[in-house]
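Two complexes follow with chain A in common, the first pairing it with chain B and the second with chain C.
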Partner chain A sequence: MGFQSQVEKAKNLLRTRLCNPNFIIKPLSDSPDSNYCKLKFTISSSITEACNNSILLVGPRGSGKIAVLELALNDLLQEYPDTISLIRLNGLLHSDENCAFKEIAKQLCLEHHLLFSKMGKQRLLYSLLDAMNTVTSQAVVIGVSCRLDVDQLLEKRIRSRFSHRKLLFLPPSKEDVQRLLEHVFSLPTDSSFPHDYAAQFNGKLQNLLADDRFKEIISSYLDLNSTINHLVRFLFIVVSLWESKSGFLSLENFKSALSSIQRQPKQECIKDCSILELYILVCMKRLEVKEQNSYNFNSVMKEYRSVHDSFQTSDYYAWDVCLRSFERLIQRELICFTDNRAHGQSVEFRPVKLLVSYVELQGGLKSYRSCPIILQKLMDH
Partner chain B sequence: MPSIAACNSSPHKVMVPVKSEKPSEISPSNAQSTTPQKRKLRSNGPLVQETLVSSLVKRKSPRRCLNSSPISPAIEIEKDSSKQQEKTCEIPPKKLHDNFTGKPSWNPRDIGQISALKEALHVSTAPSVVVCREDEQKRIFDFCKACIEQEKAGSLYVCGCPGTGKSLSMEKVKQHLVDWAKEMGLKCPDMLSMNCTSLANISEIFSKIMGKNLPRKRINGSASPLQHIQNLYSQQQQSSGSNMTLIVADELDYLITKDRGVLHDLFMLTTFPFSRCILIGIANAIDLADRFLPRLQSMNCKPMVVNFRAYSKDQILRILKERLMALPWTVFHPQALELCARKVAAASGDMRKALCVCRSAIEILEGELRESASNLSSSAVENELPHPQTAPACEFFKKQESMIVGIDHMAVALSKAYRSPIVDTIQSLPQHQQMILCAAVKFFRGGKKDTVIGELNKSYIDVCKSTMIPPVGVLEFLSMCQVLNDQGILKLGQCRDDKLRRLNLKIDAADITFALQGVRFFRNCLQ
Partner chain C sequence: MGKEEIQQITRRTTRSFSSSSATGNEAVKTKISESYIPTLKDLVFGGNHLSYDDLLSSFPTRGVQISQIVHLLGPLNSPMLPIFIYGGASTGKTSIILQIFRHLNRPLVYASYRTCYSPCLFFESILNQLLLHKKNAVNGYSSSKRCEKPSDFVNLLRESLLSVIGDLKVNSGKLSSNKLPGQPNGSMVYLILDNLELVRNWDKSSTILPFMFSLYDILKMPEVGLIYISNTSPDTYYSNVGYVEPIPVYFPEYTEEDLRQIFLRNQENRKLYLSFLDVVLKPFCRVTRRVDELSTAFSSLFRKYCEPLNDLEHVSYEEMKRRLFSHFQPHIALSLNEIFQVPSWPPLEVESNKEKKRKSSIRKSGGCEDFAELDFHMSTSAKYLLISAFLASRNPATLDASLFDSTAGSDSHKRKRKASVKSLEQKEAAEQELLMKGPGTFPLERLLAIFQCISSVVEGPLDEENENDVLRFESGDSGFMSDVLMQLSSLCNANFIIKGGSCPLEGSTRYRSMITEDMALKVARSLKFPLPNYLYRR
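This part shows the complex of A and B:
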């Protein structure tokens, strides 16, 4: 097998793994007190003892609730093939109660999203949970929601009939993340892959995982949103940026994936500005820092003049040219008018404000191709 | 351990007789005089024969030390039995001997026992005797009795918090009425009980009543069922001595509409001169009758109100013990039951919750045993040559395992049921989202109630500056606020301009402070 085709095959394998939620959830569900085990135990004990139960799965979006549920249900369907029938309802789709009842009749299954609780009187939930209080029914109701206070949204009658079992899905810890990365990226060393390549790949992977810079990239990414879904998206971009000619994953792939995900559109807009426009932006920032609550083009020009006087810059342009740049900035929405009346006053007299934050402006200046040093100095004072 | 071996002898046979047995039957104790303490166990007929044999074997287990526990058994029995005799009125007196030395301890590894136990504690299992509601049942029963005897119509309103035994008591009263009517030779009333949530259309209630009253009469197309019934009740009955109708409407507040028409008409049915219905409505609100049926007061036929108060700690304890009495083993430590009763009574007095907490405590015990079994088996695999010191230690460890649900299990179950997941979630949020929450706490400390995203962003940037962490851009800030909104921590309003969306905290600032106090970084932030 040629080297390129090996690399292609590895890429395909990694991509397939990242798109399969069951694969991702597996290493996190192995420990005995994981949510997967608890859920499976509760459902299977309800089945074996033929008693009714209700559970609530709560956790932020993308933390793997449905994935764990599917995993548990698949295992249980294999263990008890003929004794379970499954119903799925979705609060977004079946928001009308009649529709939901019809859907139940169609599927004869037992799972629902708690968006139902937004409707008045919550009849469906009440009838479901009330039916479970009779001796003849045998059902397990599993609710999935991303709101923490979902049981406060339920009516008190329904809350009383609900069995208060909650499984909280928390984001994975740092060790779990490391384990997950290893699990996803290690190539199998069996016969499906050429042994040398796989061994080399895994060796480089181990070095990469132990690298501190790598850990920093991952933790800075997870500082924003630490759900598994978010992480998987990042890993997918990493694999897509992995060029075939390099052959192995490297730190650069992760860095470029990070910068492509954490884009700052306004900063990039600033990079496209002309020097005069940058001057105008910096002058506006200085005015704001001086706590001038409302200023217009004339005040900006005054500031621009004073800057020119104190620093003797070479970039001093005429009034008309500046006005033209000013209007271009407004069109690009880097600044905007603060009053809502469009008519009456001309552009020079209407109050304006900045739409980019100081940090973004600073970042934009730093990454500008040939930014005059004076601007950076002006930003700091 | 001898107890495990003995119990495995007949697991499934234990289950079946328990359900069908009536607890008021006290068959003469036969073999019980052989028990060392000469205590009368509540016998369940054939059940006892099998388990007593095994229990005699268990007497030899080294649990005799429990006899000298500070909860001295002898005194407790007398107290219990005297209390029971005071409270029961129509139910024949029973002796409750429920301390846990009198019964053998259960085997949590036996599936049959577990199912029997969970069945006994399940919310859907109606106990054969409903305790702690004798007064209320008596009032309802007397009211219905009077109505039937005098052949007069009447209405009654039963109210109370969820989980206080209203529907359950009504079922018992209905049964009781049927028995009484048979005994007295009176005509048994027709029973119509329905749950108002199951009505497709709220005026359907009248067609149901029609159906009961006049099953063979065809409904004339022009008049509605309500008018039919009203006509019926305004005229003298041709066939005298037709049955009274007992209508029980559960979850009555589903009938409340803006104009309160249906509810009113329903209660007015009892005011007609020749009306034959006894109406009993069940709902949660105490003042439903006052608020929604003011006109009835002027006609002097306001419904009688029976209030089912939330259960007190003693009542919950008694009900739990009653349910567990049917089983021949001890499952719970008495103090664990008391802890559960106290907590639930202090919170809501809802019996369903108490039962759920008990079941969850059992599952915690099961989980513990499974884990220790897997630990022991894995450690047994490791030490192939049992060390002379560790082997008896393992045995000792096995014996020390509690087979009874103790206070620690109950405490864990209670904290799971009552603790909100907020503190855990805040502690596991990513760092920047925690910083947003810190910024929100600081911002709202000044007394403001809500703000816009733009202002919070400024506050967040200040927090970041003070802690030397680079703040994130506005887009990511917005998406993090959206995530917090989805989870129910923040509340975001709608606005075309993203920065002007209104925002306020939905959880208590004290919760955030408590959750983040462990991290010095945030403690300094929040100063």
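This part shows the complex of A and C:
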């Protein structure tokens, strides 16, 4: 197999791995005190002992709760093939309780009829937990949430029926991350892959992982986003930036991935503005500094005119043109109206405010190509 | 899957249709049966094959973004994480992603939240494309499946995706040796969701928007790729429901050099156009860098620039440039201030009209609008009504009695007091208040009272222009009043007058005039009505 096609095959393999949550979560679930083991133990013990149970999985978004759950459920479905039936509900999809009941009936292959008509709020949870106490069938209710205080949101009667088992999904430690990186990026050395290339690749990978600069990049990324999914997203960008010309991953790929993911959207937005739009922003900033509590487009135009009169700028445009630029700024979400469409006033009379801070505006002006010097001067006064 | 949802929406038919269906049935039926039946080939963007170099040359300034997207999409049948393309308006996001898919020839499903403006429409549009369903007369222009809830959508989507992917796999297995033209490559389906920023304004956006973002996690199908396109950056979509953000791809606005390259494409006379751009690009880029706005401005300006070309047949290139520039330069400042205007007449007529009016100097100040005429037609009564509304919004109600009694315009004879410092300050404060508050509201009765006062002042023969006017100014005529109310409602429809808040005491509706003082003066001038005499100035 030619070199290019080996590289392509490696790329494909890495991408497939990164898009497969089951693969990602495996190295983190190996240790005996991992959440995976605890979860599996709880569910399997309730199956064997024929008792009811309820567990809550909480952790920030992207920390792998569903992935661990799926992994545990897959294993259990293999161990106890006919004794488990699974129902999956999603708060986003089944936000209405009738909808949730229909979904349960559908997944249980029952003909749907409305059970439990008209009770209070959270009746689904209540009825489920209640049924577990009274009816002879057994169920394990597993709740997943990204809010750490989700049990405070439950009603009292539900909380009382809950067995308070909570599994917390913490951000991965440095060793975990190292293991994950090795696990994801190591090419297999079995016959499915050309052996020489794989060995070379893995060797270079080990060098990279031991490099201090590399560790710094990874830790600076994790300082901002410490969950597994965010890391996976970052690694995906790294693989996409990996040029086919070079056969191996390099530090440069990681560096450019970091810079492409760490964006400053408001600064970019300011750089996208035209010079007239910058004038309007600076005039608004001056009005705010003068402590005018509320101002509208007409006040901004007055300030614009007075700036032009005192400094004789070359950028003095008609009212229509400025109004159009003003509307563009609203589209870009750099400024916004402060009323809620009250009384249907037209655009020039509605009060507005800036959505960028003065520091951001200053930074944007500094990095703007060919910014008129007058604008920087106006910012300082 | 149960006995489901091919709901026949009963449609009302017109008499002609139901009568013709009895007679012309055979012809209609054969026509319908010849109509197009979509196949898997329709999942591709279509058109001739586009090579990567052609792609790059058709978007000369977007090389970085194109390569970023192509690398994120990856090779054939390689799974991908969702990507989020964002950038200002008219930066080429939609057209580039569609042309990339034309180049890659991979199956895609496209939905824009602008045309699918509710969740139901969106779900049905996606399902129709996947199920290769075309709305035509046979099925009464209905969708293949009726779908309103996200949970139903996910189930139906998963089903239809599995069937499409299965067909695609069969296809790609068959054609691995010789490729038939038009068949899509690979067995992955890509969903492109355009204009995502509009979802934030929907009714149930707090649940629908997180749902759209977590579609990839909910589906859990590696053969589906998700691409979001939005005008605003990802940080404007924050919510407290959990989803991992998609990978951002940023499309910055074009720089001046980019714009020069873009505008030079497909020009026959590149040298001439380049000299034109050298003159015009820099000043216009200070106002806007959007391609759509600049191209409309440049097209008419280029014609003006090339006007003296006939006289410049045998001069050197430099000399020609200089002469063209000197002819063109006075127009630049003028056109900068008109850059966003849409001409109401076709451009050629504007030229001839303008030449007739302007005798000597070309250069005018930026406020040339003040001296222009009203460039659309309104009936005389509508004009009077508009002026009355403007006065009612502008003047306080207590002044009506003195202004509108029989001695109209007597204001000007009042003794002018010397302006003291305090009164100047008061004047300034009053002006400031006018700027901030905007036009006031007035009840209907006040408007009609002012209208009657104004229109009763007019005596004598009407202008030749208004000869065809139906309305005659006789007070106390009841037919007159109903005409006025109709005029008022058409002015409201045109947003010259809007319904403001209601009176807190009585609860009757109040109106507000929305026109500027310039426009009111223009209207008054066309009626030869002395509007400034009636304006309240402190």
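Throughout what follows, the second predicted complex is superposed on the first by the 251 of 381 C-alpha atoms of A that agree within 3 Å, B and C clash if a C-alpha of one lies under 4 Å from a C-alpha of the other, contacts with A are read in each partner's own complex, and residues count from 1 in each chain.
As a working rule, a residue touches a chain if its C-beta (ideal position, glycine included) is under 8 Å from a C-beta of that chain, and two chains touch if they have at least 3 such contacts.
Everything numeric in this text was worked out from a predicted model, so none of it was measured.
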Contacts of A:P265 with chain B and chain C, given as first, second, both or neither: both
Partner chain(s) touched by A:K156 [first = chain B, second = chain C, both, neither]: first
First, second, both or neither for A:P27, with chain B first and chain C second: neither
Which of chain B and chain C A:S325 touches, first, second, both or neither: second
First (chain B), second (chain C), both or neither touched by A:G247: neither
Touched partner set for A:C146, first chain B, second chain C, both or neither: both
Touched partner set for A:P194, first chain B, second chain C, both or neither: neither
Partner chain(s) touched by A:C51 [first = chain B, second = chain C, both, neither]: first
Broader residue contact with chain A after superposition on the shared chain, chain B or chain C: C
Overlapping contact positions on chain A, where the chain C interface meets the chain B interface: 60-61, 146-147, 265-266
List of chain C residues in touch with chain A within their complex: 68, 71-72, 74-75, 78-81, 87-89, 149-151, 154, 207, 210-211, 214, 217-218, 222, 231-236, 240-245, 247-248, 250, 252-253, 255, 285-289, 336-341, 366-367, 369, 435-439, 441, 498-501, 512, 514
In the complex with chain A, residue positions of chain B that touch it: 111, 114-115, 118-119, 122-126, 161-163, 195, 197-198, 251, 254, 284, 350, 352-353, 356-357, 359-360, 363, 367, 371, 374, 416-417, 420-422, 424-425, 428-433, 457, 461, 470-476, 479-480, 483, 486-489, 506
Chain B contact footprint on chain A (complex, rising order): 32, 41-42, 45, 48-52, 58, 60-61, 121, 123, 126-127, 130, 132-135, 146-150, 156-157, 159-161, 163-166, 168, 170-171, 222-226, 262, 264-267, 357, 359-360
For the chain A and chain C complex, residues of the former touching the latter: 8, 11-12, 15-16, 18-20, 60-62, 66, 90, 92-96, 99, 103, 146-147, 227, 229-230, 232-233, 236-237, 240-241, 260-261, 263, 265-266, 268-269, 271-272, 274-276, 294-296, 298-299, 302, 315-318, 320-321, 324-325, 328, 331-333, 342-346, 348-349, 369
